[in-house]
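Both complexes shown next keep chain A, but they swap its partner, so chain B is in the first and chain C is in the second.
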Partner chain A sequence: MIALRIREHALAKRGVSYMLALVWLAVTTLPFLFIIVTSFKSQEESFSSSVWDLPQRIDLSQYESVLHGAFFVYLRNSFFVVGLSVLLIVLLSSMAAYAFARLDFPFGKTLFGLVVAAMIVPIHATLVPIYLLIRNIGLYDTAFALVGPYVAFGLPISIFILTEFMRQIPRELEEAACLDGCGPLKIFWRIYFPLSTPGLATVAIYNAVALWNEFIFAYVLTSTPAHRTLPLAIWDFQGQYTSNVPGMLAVVTMTSLPLIAVYAFGQERVIKGMMAGSLKG
Partner chain B sequence: MASISLRNVHKAYQGNSAVVRNVDLDIGASEFCVFLGPSGCGKSTLLRMIAGLEAITAGELSIDGQVVNDVHPSKRRVAMVFQSYALYPHMSVYENIAFGLRQAKLDGLTIDRKVRRAATSLQLDQLLDRKPAALSGGQRQRVAIGRAIVREPGVFLFDEPLSNLDAALRIQTRTEIARLHREFNQASAVYVTHDQTEAMALADKIVLLHAGADMERDGSIAQVGSPLDLYHRPKNRFVAGFIGSPRMNFVKGTVLEANAGGVSLRLASGEVLAASVDGRGLRAGDDATLGIRPEHLAIAGGEATGQIVRAQARLIERFGECTYLHAALADQADAHVVAKLSGDVNVERGRTIALWAPPHACHVFDGDGLALPRLDVAERSA
Partner chain C sequence: MLLLAVFLLYPLVGSFRLSLLDWNGLGTGARYVGLANWMHLSHDAVFWKALRNNLLLAVFSVLIQLPIALVLAVMLDKAGRGSRVLKLLYFLPLLMSSVAIGVLFKNVYDPNFGPLDVALRAIGLDSLAQDWLGDPRFSLASTIAVICWQNIPFYMILFLAGLSSFPAELGEAARLDGASESTIFWRIKLPHLQGTIRTAMLLAVLGSLRYFDLVFVMTGGGPEHASELMATYMYNKVFSSFQLGYGSTIASAMFLIVALVAAATMRATQRYSQKV
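Now for the complex of A and B:
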């Protein structure tokens, strides 16, 4: 009897969990479905049909017009800026994380505290000084103008994640490498860096997603389409097609595709990296 | 070939009391030295100081006559086998063994020759392409040993290398280590363990360490000597109790007579036992402790009256080859002795048994726990 009641209770709990999961799935996927479906409608149909109606016929004209515009320039800029920034973030944060995790140096803990504290600095408070700085060093309206701030804002959380990750690598490996004749740099490069691959993947994907969508720095530090990134493309297309909702949503769809591909590929690694240290292995 | 010398070596972590104190020790070239002791006695710390992985707070460490206190671990000509194996998980067995040689910038052909020779010696030939995760515990341990021997060091350091293996594999690997040391007998070896069986089986020299108040008073080393030295001539109660399994029995008594030819003790139960020790350090009426190993006790014949301890059998453990008899001394409910008897001995729980303790097998410890010199051990153990 008691066993039956426990089973009923467990089933009810599972049912509620599934319900909540379905609601959350709807909240996250329905807007995206709306974007994709609407992007295939003609402009007239988007006004005349209901929001959730499927298109009467697939209209690719919006995609054609987007692809004939400056979309690929924005895409190239995004790949360049995000790629370079993520590369620098991964390299610098892994080096810093190794130092914080394994090397003893004066004020190491204080410095690590300051790095972690930097996560709470609001981006908007830094906009004006960064804008002035970038102008003064002559990088305004170049792709490189974005790399500096992106790396700076990506480092604190990346260092935090990787430091925790590297602390879990057994110290004996470092000691064995030390006896084998490695100095700190070689120990980092030959042992800690390759062994941190899941953590590095987490950092790379997390930053790539955040920077791919970054708007405010791109808006403030660039001004011409030749140097702007994809989030500003949407902004530009919105101005160009004020009343063309399917056109705008075609841009949104195409902007999201690389991100979805990256996330679908690396989701497991991101979660694994984020969870590192939460459980004893 | 490398000898090791430690002079007044001391280790304390910042703001804490010493973990290693006043260590004076010489380990000869090609000698197999085992650091033995209970948890927390500093044996691993001492090993790590020799390796260069821990700084020496005070004192001097020399390897082959050269003071190496400030020499980088890789320049000390030492190789270490870690308790956790410490294999690089992202490298193959071959790469793990070759790693140190690559750092030493040896040419590819020499590296290949050395790696394959070590692999053959350790029966790892078929596993060279595997990653450590695909190996069993014993195979991983062999790779760790291979990584050490391939560098042809002057000193091998082993930090509890068998503690992660099961009992059968432990004995097999222990034999393997002894064989390898004979094969590479130009190198000395320092081996850390808390298992006295391993220490007795492998060591040319055992360094028994103690902790706590004993360390504060006498330094970290309780006694240094060959395995049989520590077994037959323990310096004090701690050494006598630590070496030997089951541990030595200790029974309190009062000195009746003591001279250069022996000591007579009266136990609380009234029985009198003689011990062949030089009793010049004791006087009649002094408190002392009698020590007798379980394997030296035997069931006395019915008519025996002298040199016996009467005890009531409380627990009988039969192992086939031998029987452990746990017994409470008569009139001393809190005093127990263990006797290691033959496998088919006829004893029953609850019966009072007379156990015979031969004088030459008896140890005597004074009020401070120091052992009195034994008289006729050398002749009997020879």
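Now for the complex of A and C:
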């Protein structure tokens, strides 16, 4: 009797958690369903039918016009800016991390403290001075305008993660690998850099996701579609065709797809990389 | 280091310098006005309203996002392997840019064609259908709801990582001693997660104080500053009304507030963890 009641209780509990799972599933996926269904409707249909109706006929014209527009220019810019920034972040932060983790140099601790403190800077507070700076040095509205600020924002957290990582690499490896003694540069390239691969991957993924979706600096520091990144493709489209809801949602789909595709293939890695952000603060 | 100096330190100092000027950002019209901007800021009702909205966002982030995320994480943790697909779907909002989410929900909230109001009308709740973003009474709440939608998966995964480091033997041992599932959760698992929860709270509060993206995309801080945050107010002052000096004052104030809160919270949690 008692056993039965306990089982009933457990079942009821399980029912509650299934309910929760379903409710949250609905909350998360309904907006996506709305995007997909609507983006396959023609513009007239999106006005005449209810949003909850399936499209009468799959209309691909929105996607066609998006692909024939400047989409690939935005995509190429995103690849360029994010690729170059992540490369620089990985290189610079790993070198700095090696220095912080293994080399004794004057003010090392103080500098590391500053790097940690830099992680809490609200980046929007730097928007105006950076805007003026970029304008003054003539980089305004070029793909390079974004690389400088992006690298600077990515560095503190990356240095922090990699320093922690490199501190755990046993010192004996240096001695074993370089019996006849090598300089710090050689030790870095031969030992610390290759041994840090998992940490470097984490740093690269974290920064790539964050920068791929970055909006406000890209918006302020560039002005023409020829130099803008993907998040701005949505913004520019919205500004031009305020009433074309299916078109807008087709752009949202197209710009979100690259990351979702990457994520579908490397779920665990991406999650691990993005969780690196939880070290912030 | 040089890059950091150029793009972080210089702008911060630059912000303070600019905050002492009255300048429209063009040419040489800059005029030194001393602390006048700071005086003005202290009487600026909109700034205080923005700060209040930031604090509201922080409170609701902690009170809404963290509990939901925790419940979901516990559930996924129990479900084990079968939850892979669920996890994949739950995670989707995190992969979208704020602009994509903002544009998406602007359409969801649309009073004429948006699925939310259409659904409310369909089930006879016409009176509940609202102009969610255009009505000053609802715009802040509506944007906060979307911010929660965007961020809950992050904290969910964070808690999930914390839970996965929970030694299974500990639960087994407690179960053998006759502890019920809820006792195990409240007495053993939750204390185990303490550190993670503290990190999550810190992240939620700091993130809320400097929040910008979704509010900017969805309402721009409007209507009538109803959903204004410090960061959007700063942006509007600089890039819409071209008050570079005053905008920089807001930026500097925001930086000071975030730094103070961060220092205070870190000191508090440090003292707390020393006590435990």
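Side notes on the structure shown:
Keep in mind that, in the parts below, the second predicted complex is superposed on the first by the 219 of 281 C-alpha atoms of A that agree within 3 Å, B and C clash if a C-alpha of one lies under 4 Å from a C-alpha of the other, contacts with A are read in each partner's own complex, and residues count from 1 in each chain.
Operating definition for what follows: contacts are C-beta pairs under 8 Å (C-beta built on N, C-alpha and C of every residue); 3 or more make two chains touch, one makes a residue touch a chain.
A quick note: this is a predicted structure, and the numbers were derived from the prediction, not measured.
Of the two partner chains, chain B is the only one touched by A:Cys182; chain C is not. Chain A is touched at more residues by one of its partners, and among chain B and chain C that partner is C.
In the overlay built on the shared chain, the residue A:Pro194 is in contact with chain B alone; chain C does not reach it. Once the two complexes are laid over each other on the shared chain, residue contacts for A:Lys109 go to neither chain B nor chain C. Of the two partner chains placed by superposition, only chain B is touched by A:Glu172; chain C is not.
No residue of chain A is contacted both by chain B in one complex and by chain C in the other.
Of all residues in chain A, those touching chain B in their complex are 170, 172-173, 175-182, 186, 191, 194-195.
For chain A in complex with chain C, the residues that touch the partner chain are 10, 13, 17, 20-21, 24-25, 27-32, 34-35, 38, 46-47, 50-52, 92, 96, 111, 115, 118, 120-130, 132-133, 148-149, 151-153, 155-156, 209, 212-216, 220, 230-232, 234-235, 238, 245, 248-249, 252, 255-256, 259-260, 263-264, 267, 271, 274-275, 277-278, 280-281. On the chain B side of its complex with chain A, the touching residues are 51-53, 72-74, 78-80, 82-84, 86, 88-90, 99-100, 103-104, 147, 151. Residue ranges of chain C in contact with chain A, taken from their complex: 1, 3-4, 6-8, 10-12, 14-15, 18, 25, 68, 71-72, 75, 78-79, 84, 86-100, 103-105, 107-108, 113-115, 118-119, 122, 149, 153-154, 157-158, 161, 181, 199-200, 202-203, 206, 209-210, 212-213, 216-217, 231, 234-235, 238-239, 244, 247-248, 251-252, 254-255, 258-259, 262, 266.
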